[in-house]
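Labels for the chains are A, B, C and D, by order of writing; each one numbers its residues from 1.
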């Protein structure tokens, strides 16, 4: 395997203070934790950032602060755009660009009966009106529609389109992206954390794993290890990856679990946006024990192999 | 069967002018057409009203005009609230109430991993903060979550809750609503047009059929006929209902079909919101022929029976 | 409503003795219970009869005994044919006809990638080779394929085809069967128990409810009541129907629940075919209490209304 | 990567003569083609062998011939057992063992409401009664039930259980099998052809790809190449794998496509079991051109790399 660089982008959590407002102090701490872990980029206000749960003005405020916090960061800053409709996406992107945002990860319009033609028109209109730079964000579990490979090929030719993040959980679809669409100027990112390892092995340009909020260095190490030449023993990596996924299932809502783990590491608080509820006091001790134990196991594994 | 009154509410289409703005002249015409047909209420900015496709300020503008147009109308005016999150729903409802809106049909928060507890908290918070009067709007095909019968029972006890509109397409679920939740002060509405007839027969308090935009008088007649005592021959009603549904499948997007039919009757234009596309010039003649023929068949059927 | 006759067919349970063999004494008792309840027919070795779980020779033995037990019964005797493939269906039907069986309820071939054309060929070949008289048995939850309305129209024209039993749970599909396919010589039966009432109201020729094994007289009464002219209060019927369905959910396997209920009434034992397991000793008392209480409620309801 | 051996098992097609009988001359030719290609085993009468479409006596006849044809073959001979019920599986296996069959790939019982406990009881009973050696065959698209990881762990401990073939198409599930269940004496096979490459990379003990009927040498080469140390360029392999999958989509029924391709190579005829239909005369020329062109591309690729 060649020394291809697979990049780790963090789908950043959005920390909240007890009163439901954004906790920008925690925000800065979490960003610093990830930068220190060696990540190459951030996806802000994506699904993990609860972007769809905050009112528009709050999201714009997050963008303003992010541009500020990350002004010295060399890597990519992507902002999630999870609107129902083309018009709302255009309106939001325009306002975000006024605040300095440049790159966006944009889902298709989502609702009944969206055709592949509707998807193309969606991105065409956004490209034409906003001149934003954008990642296609395939997320059928949410939008109800999968972007077909032939459609991705068409979208690739639109001005401003930078690449694709696929979060469909479909390994074969991702392989088709790699062999039939990927190119030098069209990177392909794996958004389904559980498929990170095989995706890297097959040539993904990047991964965007939720767990990177908690253990950024692990995923950076995984991306480098898996892509390196001389190893074939993935059992430990799969085992640890599996435990990071187990961590996310500690409560029914994965963001509550991730925030609980982050709190365990002293990074941010565990509040989540309404109407969801954060981890209860009763759940926290088990989460803390699990997280700290896992942190130790990860450090040992990283030490033992390179 | 007793002379129970089953009410017809129109899930109103939102007419557009060629430039993508709301066509308020068409709006008035469509409203008048429905009032003349004898309908008992309007659901504005629901799924058929493309409520999820218009930016927030446009929707508020529609509400302002609706309150104006319908100021003399005795029946119910419901406004659709199709927001992802509790916070956005609260924000929108507050602004709508400032414009005079009183009653809303509100979907659950929609996204991954919504629990029945989240649904209760969603309506509780909206009730507490806005004091709006609201219909529960069960729409799992969109929101990804079904509101369980036991949850409906809990929601029924919240202040301001007026009833439920079910659009899940599940007949048995609807029967459970009728026998286990329905009461004098908690009417149950059928939102799935294809189930209108059996729902009326079993005691639905109302139906909210898309096709009522085109043929309001038919549904008013259906609601009265079906609920009346002495008839058992539903073949003609099922046949005509089926044709109205066929009409909605003339293109892949049902709203484009409905607007095409409305244009055929000289009511409103056929434009739909981006990124969807309206009926093409090539499709219109067949749609017009079909619509006018169906109009004639409906009139004859209504004449022959009562 | 006219005095249309809606017929009740029992999808008969197959009683087992403790050693896994058929309990023909129980079989006779259950049949007598149903005949006494006034049912019009039996579907033997259907899904409720665990037809798919018994080896071929056992099923043929059941047919031999059934023809014997029911020799004096005037109503319909239908035998379920739940084979994967056309060839196996043909082979089984031939052997069954040698034993005197005449009418069958036959599912489509089931496996991947079955087209509507394959379905037609399946019934055509069976009709051609066996000259059996057959009901089309639409059961997509098992076979993985729905028989489209246009396909049913084609099948209706095949020699030997007697009618259709639909168990798809789709009310609208059933309405299309009623208005677009049903005729004097092609009766349409509702196989989804939970939709029995609205189906009768709209003109179903028959219902085939699992619960009729336990409470045959209730369903005969329901079919007559619902189709009669002068009543509009279905709340009690829906309530009791719901409790019969609740009864079937007492364990995870509905047949185990039904057999538990039958045991409670002293009809047959509660053993089910391998690898399923019957109700445990611990579950039986609750089941018995529930069943006996329900029996009483049903009797009272039937007494109070005609 | 270490020089782990990933084995290729062919899920053998069952050739038919024009009259619907088994074509044993073609059978021998196809087997020889695969042996020459270097495969390590055969799965006979699996889904690709249309095992579920042949009557029991025909399947037993296939087993008799297979044991004969493959008497000198060193590799594994697995026979598919695709029965609805435990009893039918036991009956079939006993008769097959009388004919010399030793190893079986056995699906769970399939029907409604199968629990994980039912699955364990199914294999337990088969193990106890038949003493067969068996592969667990996870095939939820057919059986309607997925065998959970914890259940696989339990099944692994049963006497006679040899390993698992997973055909669920779920990459993450397969990774869990690899890291949490796989052991020296419990090999894990990938049955979903489209996931062959990443599965080999992560340590699958074997692959069972449909396409190996047509191009056995390609998959043997793929298994060796992918597992070897020094290459990282999978684009050509993914491209060719994709074309083999395209080949299988030339008609709606993948077995008809595979048989058409085999006919193009002069191996076996294109007839398929009733009620399916084989490729039409009109489809054959395109299939032949595609197959021969692909054969050439594969040979060139194999020549260029090792």
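Here is the rule we go by: contacts are C-beta pairs under 8 Å (C-beta built on N, C-alpha and C of every residue); 3 or more make two chains touch, one makes a residue touch a chain.
Here the structure is a predicted model, which is why all the values come from computation and not from measurement.
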**Request:** Could you run down the chains that neighbour chain C and chain D together?
**Result:** none
**Request:** For copies chain A and chain D, work out whether under half or over half of the interface numbers are shared, and give different or same accordingly.
**Result:** same
**Message:** Averaging over Cα atoms per chain, report the distance between chain A and chain B in Å.
**Reply:** 37
**For chain B paired with chain D, centre-to-centre distance based on mean C-alpha positions, whole Å** = 51
**Complete:** Expected list for chain B, residues touching two or more other chains, is none
**Item:** All chain pairs that touch each other
**Value:** A-B, A-D, B-C, C-D
**Fill in**
chain C contacts chain B in the complex at 1-2, 4, 169, 171-172, 175-176, 178-180, 194-195, 197-198, 201-203, 227, 229-235, 238-239, 242
**Residues on chain C engaged by chain D in the complex (per definition of touch)** = 47, 52-56, 58, 82, 84-88, 91, 109, 111-113, 115, 117-119, 121-122, 125, 141-142, 252-254, 273-277
